Structure formats: C-alpha cells, structure tokens
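Common to both upcoming complexes is chain A, partnered first by chain B, then by chain C.
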Partner chain A sequence: MEERPCAVLLKFPGTNCDEETARALEEVGFVTEVIPISALKATSLVGVSLVVLPGGFSYGDYVQSGRLAKLVTEQKIGDTLKEFRDNGGYLLGICNGFQILTQLGLLPEGSLVENASGRYQCHWVKLDKQCATSPFLTHLPDQFEFPIAHAEGRLVTATPEEAKAYRESGAAALTYTDEVNGSFEQIAGLQDESGRVFGLMPHPERFMNAADHYDPDWQSGVDGETSRGSGYYLFRSLFESVTSSN
Partner chain B sequence: MSETKTESILDRIAEVPADHFRILKISDLGGDELLELSKFMKLSLSKEDMLAVQEIYKKWDREPTDVELEVIAQTWSEHCKHRIFGATIEHSVDGESETVKSLFKTYIYDVSNRIFDSKPGFVLSAFHDNAGFIKLDDEQAICLKAETHNHPSAIEPYAGANTGLGGVIRDILGAGKGAKPIGSLDVFCFGAPDTSLEEMKATDVIHPLGMMRGVVRGVRDYGNRMGIPTISGALQFDDSYIYNPLVFCGTAGVIPIKDIEKEVKPDQVIISVGGRTGRDGLKGATFSSAALDSTSHEEDQQAVQIGNPIEEKKAADFVLAARDKGLIEFVTDCGAGGYSSACGEMLETCGGTINLDNVKLKAEGLVSWEIFISESQERMVLAVKKESLPELQELADLYETEMTELGSSDGSGILKVTHHGKTVCELDCSNLHDAPIRELKAKWEKKTEAIEAPVLENPLEDLKSLLSDFAIVSREPIIREYDHEVQGNTVLKPLAGASGDAPQDASVVRISGSEKLMSMSVAVLPEWGKTDPYAMGAACVDECIRQLVASGSDPDRIAILDNFCVGNPENEDELGALVETVKAIAAAAEAYGAPFVSGKDSFYNYFETEDGPVSIPVTILISGMGIIDDEAHVTGASIRRDDSVLAIIGNTGAELGGSVFARQKGFTNAEVPQTNFEEAFACYRKYYEANKAGLILSAHDVSEGGLAVTLAEGAFSGKAGLEVDLSGIPMDDDAGKAAMLFGESPSRLVVEVAPENLEKLADLFEGLPFAALGRTTSEHSNLNIVWGKETLINEPVDQLKSLWKNGLAQYY
Partner chain C sequence: MQEIYEISDRFIEAGDANELLYEPLKEGLTFRRTRRYEIDFDGDKKAVKKFVKETLLDKISQEFHKGEKPALSDSAFFVEYGMKPGALDLEKEAILTYYRGIEEPGFTINDLKIRQRIYVFGKAADEKVSDKFVRDICNRAIHNWSVIQGNV
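And then the complex of A and B:
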C-alpha cells in the first residue's frame, strides 16, 4: 500500500484556520496532524513531508503579527524548521502563517504591515502567477482568484528596489493583479530560493469548491473539471511536488 | 428622603467586612429602607422585591449575607429572569381590555410547544439551555442564540460590542455539552451617521458615527480572532437610537445530537476554565436592568470590560476537545451574574459547594460577593467526573488555558459557598425562582389611517433617494471588516453575485460531516412598529422566513429567535406596543410552524435628555436558522444571466406605511401592510418545490424600498439589463404606482427563471398570486420599469449601483 505523505499543522493560541486547512490537505491526499505549539518538539517533524502554518491571530497579533509565534517557535524547537527545509521538507504559510514564516526568516526579507487602507479587508482578489515552476502553483492558471481576509498584509521591503528584485527573480511567486493593500510590487506571496517554502496572504483553503466562489456560475475549466475551486489546485500541485520528490 | 434612615443603613453596610463578607440585618427595616439598601448596593430590586426577600429570610429565621443578597439580585434581575415577560399585564386595544398572564408563557412558550408537538423530532432542545437545538440530520443538530449588549455599547462602543459577541459565543460553547460556533450575526440600530451635534440633546453621549465605528470594530476584533465567520446582519438608523443604540450579536453552532443532553449528578467536580476573575464587569446584569442617563457614562464604567478573544479561543479549543473525548457532564458559560449564575444554574437541583478560595483572581483583595458575581469575561464552568480531571488538565496544558477546581456537587439541593473557612452563602435555589410577579398596565390605540395614494412626480429620483437611504445602502464597508469566510464553509456570502458585491437575503454555511447546510437570516423593521407594532411583528417573522426559503431552505424546518428591545415598560403605550408585537410574532410563528427556540429581551432603553426622556421604538429582531438539504438548492439573490424571465410571487397592496418611501415623504401615519400568513406560506412551500426541481435561477425578497429597489439590487450583479412591466402583476385594486414601485407589502419574492421553465413554475403557483413581470436582456444594461406604455424608470444599473454602494462608505 502506498504511504500517504504526512503534513503537520502548527497551532498557536489564536490560530483559527487549522481545521479547514487540514481538510483541504486531506482532500488532495495528505495525512494531517494538528500540533498545538505547547506539544511541539524537534522530533515532531520526523517523517513529516510538509509543515503548514495556517491562518488566524497567533497570540492575538497585538504585537506585530507573527512576532510572538516566532519567538515561541524558536524557543521550542530552535532551528528545526530551517533544518527541515534543508533536508527537503516543504513549508506553507497562509495569512498569519505567512507572517510567521517571514518573522522566522524562512522567506526573503520583508515585513507584513498594516494594510494601506488601515482596515481589515475581507474580499476576493485576482492573482497573477509569477513563477511557473513553483511547486505550489503548477496546476494553477496564470491568473486566478482567492479570497483574502487580513489587516496586516502589506508586504514592505527595506527599499522598493528589493521588492522589484523579488518580482524579477520570481521570489514574488504570486502578485495581486490590482492594487489591494499597498504591498510593494503588489506582492501577495513569496517563496524562498529552494522553492519549497511558500507564504501567501490569500486563503486557498477557502476555495476548494467551485461553489465557494461568490459567483454561482463560476467554473474553473481546468482539466474540464467544473466542481473544483482554484484552491484545490494549489494543494494538488503541492501534493504532487511532495510525492514526486519523496 | 430621610437622612437619618439612609445613614443608618449606610452605616450598617459600610462596616469593613473582616471576613470578606457580612451579614446584613434586614428583618427590622421598613420598605423604604429596604429600597435604599437595594439602591445603595445597586441590586436593582424594587421595594416589592426587597419585601419578598425579607419575607423569605423571616421564614428561614435568619439574616442574609451580602453574597446571598447579590445572588438573589442577579437571579431576579430583569436581565436574568425576564420579569416583564412574566408579568401580569392589563392590556387594552382601542378600548377593549384583556389580561395577559405572562407574555412569555402565552405567546412564546405555549405557541412553540404546540409547534414542537406537531413536528416530532425537529426541535431537540429549547428554552432551558443556553441555546435551542434543531435537528440537522441523524447525527448533528444546530443552534442559534442572539443577545443584546445595548447598555455597555452605549457607554463604551468598542468594548461593549466586543464582549457582546464574546458572550454570545460562550452561550454556544455552553449549549449542550459544548456546541461548535460556526457563524455569527450582528444587527445594529444607531442614530444617523450625519446627525449634527445640535441635534444631540444630552451631554456625554457618543455621536452615532463614533458609535458605529466603535461597535463594528468591537465585533470585528472578537469575531475575527475567534475564527467564526460573521455572515449575517442588518443596520437601522433612527434618531431615537442616538441615546440608546442597539447592538444585537448572535452566533450559531453545531453539535453531535448525543451531546445535547447534560446533567449534573452528585460527586462531580465543578471546574472553571479560561480567564481569571477580577473586579471588572461587576454588576453588568443589574446595570443593564435600569435606564441610562448622562451620569451612567461616568459611574458605570466598571460594568463594561474589554474582551480577550484569544483567552476565549483557547477555552473554546479546550471545551470542544474535552467534549469529543467525552469528558464533560455539564457545561455552561459565565455570563451575566458570573459564577453566581453559572454555578447557581448547575447546582440548582443537585446542590453543592463552591469554595471561593480556589478561584484564580486577577488582583488581590476581592471580597466574597465580588468574586461570586464578577462578570469577568472568557470563563466557562464545567461539571466533570473526578476521574476525568487528569485528562482534562492535559488538555488545558495543551491549549494553554487555565483550569481551576471550584468545588463539587453533592445532591443536597443547597447552593453553598465558602470563603476563608466560613459559609458566606447557603441557599435553597428552589426557593428563589418565585420572584414576585409584576403587575403592569398597557394600552394600544390605532395610529394609522388610510391616505390618498400619492402622485409620483419623478419615480427615478424617488428610487435614487431610496437607494441612498441609510436604511437601504450597502453595508459593504462593515461586511468587509468581518471575516465572513473563515472555516471555509460560507457558500452563500452576505455579498455575492457575479460582481461579488450584490446583496443577498440569507447566508448559507456548509456543516462539516453533513450533506445538509445551514441558512441564517435576520429581519428588523422598527419603522413599522412606530405606528403598527402588530404589522411589524408579523412582517419580521415573514421576512426572516422568506429570506431563508429564498436561499433554498425547507419552509417546514425553520426555527426562529425573538430579541426584543423596549424603552420604558412602565409607560403604558410602550408596553402596549410590545404586547401587540408579541401577539403578532406568535400568530406568525404558529401559522408558519416556525417555533421560537430561544429569545431575549432588553428593557429600559430610554434616556433622560435635556428635552425629557427619549425611548427607542419597540424593536423586534427576528433571526432564524433553516436547513438546506443539498448544496445544489442554494439560491442567491442576484441576476445570473440574460434572456431569462422575471416573475413575482405574492400580492402587492396599497399600504405605504412603515416603508422607507413613506418615511422620506413624511407619510408617518399611513396604513401599514398586514401579512396574509396562509397565502404566504402556501407560496413558500411551492417555491421550495420549484427550487428543488431546479426551476429557480435566483430569488430576491421584496423588502425595504419595495419592488423597484429589489429589482435594482438583483441587477447589481451586472449580468444583464432588466425590462419590467408592472401593469399585470398581482395587486389590490387601490394599489397605485407608488405602492407598486416602493410599497413594502410582505411575502413577495422576485424570481429569475429560464424561459422554458416559466410554464412549469406558473402551473405550480396555480391559484396563488404569481405573474411574469419581465425579462433580463443583454441589449442594454438599464433598469427599465414600465406600466403598460408608460415608462416609470429607465436608468443605467451602474448609476443606481454607485449610489447604493457608496451611501455608507462615505461615512465610514
């Protein structure tokens, strides 16, 4: 019997997208385990192919978002996540998870700060795939939609040139088609040099089915399939990348 | 007022309580002195109540402790006991007298019980738990609860709304052995955002704009952090809400049916989970049972707290995990009255002892009564088996929440509280449920008359000003600040359609582990109630149910909640309006077979301004939950394609009263439309059949702004232009063009149908008010409404939409 790859979801106090993200991962073929941070040990990741940091408000995000989660993670398991990546593991951070990955230094340098609108924003956005080879995006078309829901999703870098360089190098694997939150270069998602670490502000796990789209007549048309949402294809891409590299 | 008497009472209770509690000698006090005592201790108990307390203690042949008096005050408070809904009311309608013995029993409880009996197995729990449950499928049940947090929000909008939502979420966590919150609703009534400072007739009142922003952010920061989608809501604006804004928060939950029943048995351990106990939130229950005035803003600050949603999220994770492991025997939340209510409820039949020394405090120095009635947020109280404690402690450690043993149950039937080795409270709770029944007077006199149908001079301008009215404009700026898609189950979102920003009637969420979905909707029409509360009550139930049905719900499996807000119940006219509203919702519920499974009321929403007291109009929020059998039945309110046919279900009457149009034009006493329940429900059942058969593309209810606004809103999806002829639709003979365009006759739906299905649909509706009224087209993108050969409105949909979409945004 073929062994299904294992995905671990890290749950901090205030993480609140773990259930639906686990459901999405299961749907494409992963076995999942949600590990509250209090129970996390360096050995928790043995035999694990993918670590996911789901969305939410870790520790309330009253300090800069993701900051406390980073400190606690490092205190708990030190550099284990970096070693995990170096040993071929995949890491996905969604929304608050993206903020945490950025804080942990697992993604190109940058900060996710308050939206230019000064508001929490919950709506759907158009996205452009900027890196066709990203293992997270292979099955997605060049342009697609995901919902966003965040107050601090504006990616800023030390200089505007840095963000420009991310776009040119493909590190900015995902960008907003339109201006959304003031992100430099309209960056919506970043990957690291290995391509195995990916963080994005939008929520693919909320768009697993065509019916999740706001337009009742929406269809993806990918592979002639009508019932799947675009989020499915992100997780499907990831699953195939993980299984083919195992 | 007698100085000496007051002083003697004050002396008596000003003694420093050496033992953190004191025994109050009340047996020798007269009625006025008892009332002084009640006022000084902020017990919110009337003279009659205090005399009754005195009697009880005379019978027991002892004096009460301060803890006991506080417990009794909590138990008997309007907030907890609903004294007015239980009162005996002498009511007269247009001179005809009647006696109502308990509004609750007569019109809510008995009516609902008759419906339960007629639908065996549908309602699984109602009225006694923190929320009522209905059956979703063979495995799971759903529940819904709504609360108001008006007084705290008036004083501190952010924190008041914040803890309002936090509190109702805990109600769901404390329903059954712990239900999982899956969706929230929020309904606000404010003064208009453009109210000028000169119009505000009291000092220290927060301007409606600050009120709205604070309240929205309070709900946002709690709901979003808890990871519960805020999916449903409504906004109303009226000058009378400037001083008493209304903030309704509701949450729905899901639970395995096997976990609904709960019971405390002897020798179980009572534990508290979540936040610590402090001096914050003292007297919330009694404070909200009194009216506000300017000094409230200074004096009652300590009754309002700031929430900590992460604390609650951790407690929620703990409760749901413990439930799934079968470790919970009983659970309830700490809401109004704090531990005294929660422990009182848990131990009222079984009895047991709570040791206040065990309570984890935020600060030192709290005396006994403060600990016992503090309403510090984010606490849940559970009864568990002794042998489960180690496993529960592991879960508490895992989710990083604090768990404390408070005491145990013992089968004595007595609620005993100890502190520092002494008994500070010893009450037989069964003796406390008979608070004196209040006696009140109410009257209602007809306030409407038939008016001549107004002549429409410029229907397009009328439509534009309706679309810009605060009662109708898009709530988008608010909706976007709420995460309405967390949990990944929101199928029908509050804003949807091809453009993603068009209004919908109900919201629909999937339920994990079930093929069935849950729908949720709200209806609130305070303008109607100003002149015809009966019509308001009927129309609110009708609209709530209609919205659920429109979205694909089974009309025979809907449950509703009633949340009332009233000004001064001692005012006969205001109480009369309440009685009329209650009668109407009861009649509607019975006709539609939609039982009440929970409800709440909030009184004393009046304010002493410079110009005298200002009361809110009697306001009823009807919120409802429905069941959709199949995701394919979910139907939105936005036009989906061109070349489809539009049809209308339901009859249009001549009445304009209560409508936004009438309010704009100043017809304040026009007749308000009544609801024909039997005809309406027959239509809803037919619609359900048609929808299941796949005949309906979209459906939008006709509500505020009337048919013209409904058609415009449908077209906001941007999919097609609309061509509509009103001359052939079902209407009363005297319905003029104003009523046809802008009247708000209830029970109407506009449906979009493929041309080939029109005949089938018409056949289904044989004998009921139904007619095709137009089509959708790609030839233009206008809303084109004619009456035979006469064009009434012909305007690009874009132009209309921008008025509607930006109406609130500019103030937000």
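And then the complex of A and C:
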C-alpha cells in the first residue's frame, strides 16, 4: 500500500482555519495531524513532510500579528523548523501563518503590517503567478483568484528596493494583479531560496471547489476539470512536489 | 526601577481621524497610533531593553523610543488609554506568559502597563474636541485614560 505523506498543522490560541486547511490537504492526498503549540516538541516533526501554519489570529494578534506565535514557537522548539526545512521539509503559511513564517525568518526579510486602507479587508483578489517553478504553484494558471481576509497583509521591506529585488528574483512568487492593501510591489506571497517555504496572504483552502466562487458559472479550465477551485490546484501542486521529492 | 518604551510604525501613514468617531468632525484631523510599555522591574536594565527589542519591536516596520518624551511631535493632542488596574489585559498576560518561559532573563518584571496612544494632528476647533475622541475610543467600564493637549 502506498504511504501518504504526513502534514502537520500547528495550532496556536486564535488559529481558526486549521480544520478547513486539514480538509484541503487530505483531499489532495496528505495525512494530517493538528498539533496545538502547547503539545509541540522537536520530535513532533519526525516523519513529517509538510508543516502548515494555518490562518487565524494567533494570540489575538497582540503586539503584532504573528509575533507571539514566533516567540512561543522558538521557545518551544528552537530552530527545529529551520532544520526541518534544511532537511528537505516543506512549510506553508497561509494568512496569519504567512505572518508567522515571516517573523520566524523563514522567508525573505519583510514584515506584514496594517493594510494601507486601515481596515480589515475581506474580498476576492486576482493574482499573478510570478514563479512558474514554485512547487506550490505548478498546476495553477498564470492568473487566478483567491479570497483574502486580513487587516495586516501589507508586505513591507526595510527599503522599497528590497521588494523590487524579490519580484525580480522570483522570491515574490505571487503578486496581486491590482493594488489591494499597499503591499510593496503588490506582493501577495513569498518563497524562500529553496522554494520549499511559501507564505501567502490569500486563502487557498477557501476555494477548493468551483462552487465556492462568487460567479456561479466559474470554471477553472485546468485539465478540463470543472468542479475544482483554484485552491485545489495549489494543494495538488504541493502534494505532487512533496511525493516526488520523498 | 521603571523603563518606558514607545513603539511607533514606520510605514503606516496618518489616517482620517473621523474613522475613530461616530460623529464626523469638519476639521480634517488625522491620527496615528503608538503603543507604550511601562515596565517596573528589578535587575539588569540592558536585559530589559534587549527583551523589549526582541519581543515588542519589529525592526523592519517599527521604531523604538525610550523614555517619557512622546514618540511623535506636532500633534494637536493625544489620548492615552489602557486597561484599568484589575481588568484582565490579555495582551499583557500573553507577554508575561512568554516572559515567564524565558530561562534566566536577567531581570524580574514586577509590573507591566500597556497603553495605547492616539496622536491627533491638525487644527482642532477647541480643546473639547478631544472629549469626542475619548467618548468614542475609550470604554469607561475597562479603560482609564488621559489627554495631553498641544504636544507641539
């Protein structure tokens, strides 16, 4: 019997997208386990192929979104996530998970701050795939839509030139087609140099089916499939990358 | 001993102050927020500063101000508010829980007060304008506050 790769979802107080993200991962073939941060140990990641930091409001976004989650994670397991990546593991951060990965220093240097609108934004956005070779994006078309839901999703870098460099190098693997939240270079998602660590503000797990889309006639047009949403193809891309590298 | 730190944002521009009010004003005022931490402690001052920088400051997007002097100048006034003594401050508890998990931090926190500051910029019609901000921002049941006029 074929062994399915294992994905661990880390759950902090305030994480609230773990169930639907686990469901999305299982739909494409992963075995999943949700681990509360209180139960996390360095050994929890043995035999795991993917660590996911789902969306939500970890620790109430106190101090800054993702900050306390970063501090507590380091306190609990030190550099284990970095070692996990260095040993070939994959990491995905969605929304608050992206903020946490950024704080942990697992992605190119940047920070996710309050939207330029000063408001929580919850709507659909169009996205451009900037890195066709990203293991998270291979099955997605050059342009697609995902929903966003965040107050602190504006990616800033110490200087605007750094963000520009991310776009040129492909580190900014995903960008908004239009101005959405004031992100430098309209960056919606970042990947690290290995390509195995990826964070994005939009929520792929909320668009697993065509029926999730606001247009009832929407079809992905990918592989002649009509019932799948774009989120499915992100998780499917990831599953195939993980299984081909195992 | 006490140390005071105020953290301001580098990239967040002043917003329309009417967003804070139920009843818009005509003055065209703007605002910015900061967060102020008052730490009563025993032990090594440098260790406290290191803790604040590592825990409460984002080096990319925020700036760090030490001491009593307000972080931002040229405001018409600012409202400073925080949780009343005895009210449950979840942010404070989250920070202290993390602090308690640090092995040998080099200092002991006796008390931590977290205050929000709303700096309002522009020409307010009179000093009573600040009352409207207090009314709509502060919750009398859980907050205490002060207003500092003319921080120019």
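FYI, the second predicted complex is superposed on the first by the 246 of 246 C-alpha atoms of A that agree within 3 Å, B and C clash if a C-alpha of one lies under 4 Å from a C-alpha of the other, contacts with A are read in each partner's own complex, and residues count from 1 in each chain.
The definition used in the following text is that a residue touches a chain if its C-beta (ideal position, glycine included) is under 8 Å from a C-beta of that chain, and two chains touch if they have at least 3 such contacts.
A quick note: this is a predicted structure, and the numbers were derived from the prediction, not measured.
With both structures placed on the common chain, the touch criterion links A:E205 to chain B but leaves chain C unconnected. Of the two partner chains placed around the shared chain by superposition, chain C is the only one that A:V113 touches, whereas chain B remains out of contact.
The partner that reaches more residues of chain A, of the two candidates chain B and chain C, is B.
In the superposed pair of complexes, A:V156 makes contact with chain C only, with no contact to chain B.
By the document's definition of touching, neither partner reaches A:A132: not chain B, not chain C. Contacts of A:L71 after superposition on the shared chain: chain C is touched, whereas chain B is not. With both structures placed on the common chain, the touch criterion links A:Y59 to chain B and to chain C.
Residue contacts after overlaying the shared chain place A:C122 against chain B, while chain C stays out of touching range.
Across the two superposed structures, the residue set of chain A contacted by chain B and also by chain C is 59-60. Residue ranges of chain B in contact with chain A, taken from their complex: 220, 224-227, 308-310, 313-314, 317, 397-400, 479-491, 493, 495-498, 500, 512, 631, 634, 636, 640-641, 698. Within the complex formed with chain A, the chain C residues making contact are 9-13, 15, 19, 54-56, 58, 60-62, 90-91, 94-95, 98, 101-102. Only residues 13-14, 16-17, 19-20, 23-24, 36, 38-39, 55-57, 59-60, 119-124, 147, 149, 203, 205-206, 208, 211-212, 214-217 of chain A touch chain B when the two sit together in their complex. Those residues of chain A whose C-beta lies close enough to touch chain C in the complex are 59-60, 62-64, 67-68, 71-72, 75, 103, 109-111, 113-114, 116, 118, 154, 156-158.
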